[in-house]
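Worksheet: the structure to be examined is printed underneath.
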Amino acid sequence: MTRSTTSQTMAIGHMLQVSGRVILSLPFAYAGTVILLIAAYFMRPALLSPFLLLLIARQAAPLGVAVLGQSLCMRVLSIDLSIGGVVVGVSYILTSGLLPFPDPVLLLIAIVFGIAVGLLNAFFITRLRASSVMVTLAVTLIITGIAVAFSQLRSPGDAPQILRDLVRIKIGIVPLALLIWVALLIPIALFLRKSVFGRYIDAIGANPRAAWVSGIPYVRVVTVVHVMSSLFAVLSGFLLIGFVGVGSMDLGRDLALNSLAAVILGGVTFGQGKGGVFGPTVAALMLTFSFNLLTSLGLGEPAKLMMQGLVIGVAAAAYSVQRKT
Amino acid sequence: MISFDKVTKRFGSNLALCEISFDCAAGSVHAVTGENGAGKSTLMNLLAGIFPADGGEIRLRGEPIAPERPSEARRLGISTIFQELTLLPNLTIAENLFLGREPMRGAMVNRRLMQERAREIMARLGSSLDVDTYCGDISLADQHLVEIAKGVSVDADVYIFDEPTAALNAPEVEKLGALLESLKAAGKLVFYVSHRLDEIFRFCDRVSVLKDGRHVETRATLSLTRDELVSLMVGRVLSQFFPARPTPAESAPVELGVRDLQVVEAGPKVSLALRAGEIVGLAGLEGQGQRSIIRALAGLHPSMAGEVTKNVAGEMKLLKLSVVETVMAGIGFVPEDRKTEGLYLPLSINQNIALGMLPRLSIWKIAPTGRNLIADLMLRMNVRSTSAGQEVGQLSGGNQQKVMIGRWLAAGINVLLLEEPTRGVDVGAKTEIYGLLRDFAHRGGAVLVVSSELLELLGLCDRILVVRQNEIVAELEGAGTSEEEVMQYALTGHAKHSQASPCLN
Amino acid sequence: MFELIQKSRRSGLSLIVLALPITLFILLCLSSSTFTRFENLANVNSQIAALLIASLGQGLVAISGGIDLSVGAVMGLTSAILVTVDPALAVPLALAVGVVVGLVNGFGVTLFNVHPLVMSLATMTVVQGMALAVHPIPGGTVPAFLRTMAVSRFAGMPAAFFWCVGAIVFAWFLLNLSRFGLRTYAVGANPISAGRNGIAVIRHKVLCFVLCSLSAVIAGIFLSARVGAGDATMGASYSLDTVTAMALGGVQLAGGTGSVLGVVAGVLTLGLISNGMNLMGISPFLRAALTGVLLLAAIGFQRRETIGA
């Protein structure tokens, strides 16, 4: 090889390296979405019609709302796996008919229930310093165990009319559910960027020990985060129940895992103090789109699971390698 | 036996070791000394296989070596007694002594043989500890003894003792001396890393002095006087380094009052007062309770009893000792280990300093950006960086230290508690940090410093409180006292003239 | 008693850990006439055997400072393999799968520095997906020789008894007598110190994960053989149950503390609760809820340094 071509290939290599680094420094969700859209263009172009895309976006709304909470948790080095449990609990409260109250009261009870779960999680995680994964898994076990045991006695009925309307209404061609999601997203992103709370979340994520030593109200921040996460889960449950129309104990089963995958894909990593709200949001859209793609290709539940796991594992590994270098 | 040839080591942008070259002979005890941060431990860690050198060569009997792992160093015949304990608290003394080279009988650990040999080893050091006790259950001094026992029980040609006496009491230091003699007699090379002059002159044949990562000189100890060695280590006139002390103002108000503070169960009680405008130092030997006292005031160490009051607008208010409360009351704490406890390394300088401005705000409020304040502070503190958006993790030690102090200056606090304010900081930045602290005091703040560098306390502080066994045994004028006097109190707890200072810091 | 507290630095045994199963046993003896029947006790033994085998593996990982949530999925995949692959190849293939999963977990945690919870959650999901892909609907027949090994009796004792004893003896040898065990405690207590003592920390941790996955494979083999059919989701509850057994048995998830006796006590506690509720006719779903409550209580008592994951 002559000298000039060597230097040329080196220059190209360098360019590739630099652009590679830029792409790697963005949340994987961005690149992933592009790749998926290209794949869909060649394999199932029908998925790319505006009508279907809006439908998929609507379908992504419950996950997207849950992801907001999960991303907060992970930014303070915690994890919330009770999201699915909360949804099951909400579904039971709203649809079992066991509680003889009008719908608005039931919705309120569901919200109070969410706050209670968040406080319980936070109590164990901050005061007793138990592992957040363990705590939230245990809480999920308890809620679903009780709800399923009771649903044996009395099977769940129809969803409240408000929720069914909520997801059916469209403004122009845009579904209301999607608007609700966006309406939550923007103020929260702004709040996290500008508020004391947001700063504290970055600090705790970057170095929890230093946050403790320099007198940041650690316990309060983590508690608020977990309550918020549970509240988002309640809202996510509202949307899901609205979609399905009837209560179900299977609702939200893979919500916790999907939200975890979305947050990792969205660029929030343990111990970096970095990560925003938009990365995970794009990741939620991307995951939902990919599930639709897989289904349209005739692949079922197993393929979905394998993809989820691979995404979580590979993304988490890639981020920590990146952090080391 | 060992020669260093232009050995160089970098940590990020920090040059920790720069072209170190000297030789060491078998059958001798070779001291490696210098101030904190001079690079002693870094040099020894290269030999111990903790990390590789970036340049130069280390030769063992003329053969170049580059151990990549502690186990590899051990195979080469280099045994290290680390400064930080490497004992496992959940293993017994015997198990700890033989961890990684357990005597086996078939597939099983030969416990009886292990215990027997452990007993022999401990007896050689004159210890009668039961070798079946868990290491987490014995005192810190005993743990250090076990650590030493572990190091010398390895059959090696080169032994590295990294600050072995930091936690030992006088009789154990004697035993260590005898041990060093026997190793020397057996034709081994012993590296003795220490900055205690007394021990260097008593135990060591030759001494290599490092300063700021460079090799200053290697000499036979017999050819040196104590003063010569100190000047080699310090290499400068001290008075130039420290800002001038203003004349003490007796009338200044007390900012922080401490009465009968107890930091260990059933321990002695500590009382002190910090006045506006003064810098007070807590001196003493390693592990005598200075750290517990300052951390108790910061709300990070539990206090058993006592009362702490803080001046709030001219009125002394009782303070609850929790981190959140103390920060709210206007007390800032700068920990020794800035990487794990002090800074948010992945965050920018801006973010790190701005966090100081938040404690008195509700978490739901909009946070001030404080751009002007931060720019001002960075200028005043002379923080060298590409921009205020640079990650703190990329800064040098001195600049990181300034950012940490800057966070509290931005917070508008008036009591500053510092642990080892200049650890791992280059000389230039040290002077600047001393200047910053003096300036803070001059503006009406009160400063309490814990440092293991006695020279630093002597140069910087208005008053020095000497701590021994969790008790304040003396209060000395910074300008009027001497190393000897402070060490006398630190070692014995009372004033009675003895011949010389046994320790530099 | 003082002796016990002294030794507890490593074993994690406490009065509660040991008293809990004993108290439960006595309570069940008193409250149910059928409990003490040999048939029922043999049944309890068979019910807990799989959990015990999997928990001993989990214990090893926990002592080395990790956690493995993929054991349940590995059990499911094992079950799926047993009923779909040629009987002669089934067991070796399942064991090979165990080794691979363990290696992935171990390298993910050590070389790639991923939190063990996140890592094993990822492998759990992938392996569960694979199990469902291999064998979507429960059914099929387990090789006959395995079935014999799991359900027949020797010398009047149920086969499960021998599986349990074998697993306990092996784990006990490994942890208490071998060099490997000693080093596992060291690595779990402080990997940096252990490394400075010349222990190959990464290799050791990876090996712990591999052994844990292998024990999950064996647990899966036993459980499928006992049930007599393959079920890809058979192990779903086992990941959490093993962790609950750790917490109940005084095994610190932070690493460095735990014992075989503790794991056995934890598994017994869980098994006796299940059996008791069964005898009293309580819904199995409430049993899951109770496991959750127990887990919450047990980890609530294990105060750690850090807050979070």
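Observations on the structure shown:
For clarity, chains are labelled A, B and C in written order, and residue numbers in each chain start from 1.
Operating definition for what follows: contacts are C-beta pairs under 8 Å (C-beta built on N, C-alpha and C of every residue); 3 or more make two chains touch, one makes a residue touch a chain.
Bear in mind the structure is a predicted one, so any value in this text is a computation, not a measurement.
Note on interfaces A-C and A-B: more C-beta pairs are in contact across A-C. Ranked by distance of CA centroids from subunit A, the top chain is B. Per-chain Cα centroids separate subunit A from subunit B by 45 Å.
Subunit A and subunit C have Cα centroids separated by 30 Å. Contact residues on subunit C toward subunit B in their complex (touch as defined above): 6, 9-10, 177-179, 182-183, 185-186, 189-190, 192-200, 256-257.
Against subunit A, the residues of subunit B that register as touching in their complex are 298-300, 323-324, 326-328, 333, 335, 340-347, 351, 354-356, 358-359, 361-367, 407. If you check the complex, the residues on subunit A that touch subunit C are 76-79, 124-126, 128-135, 137-146, 148-149, 152, 208, 218, 222, 257, 260, 264, 270, 301-310, 312-313, 316-317, 320-321, 324. Touching subunit B in their complex are the following residues of subunit A: 194-200, 202-203, 206-207, 209-217, 220-221, 224, 272-274.
For subunit C in complex with subunit A, the residues that touch the partner chain are 104, 108, 112-115, 117-119, 121-133, 136, 240, 243, 247, 253, 283, 285-293, 295-296, 299-309.
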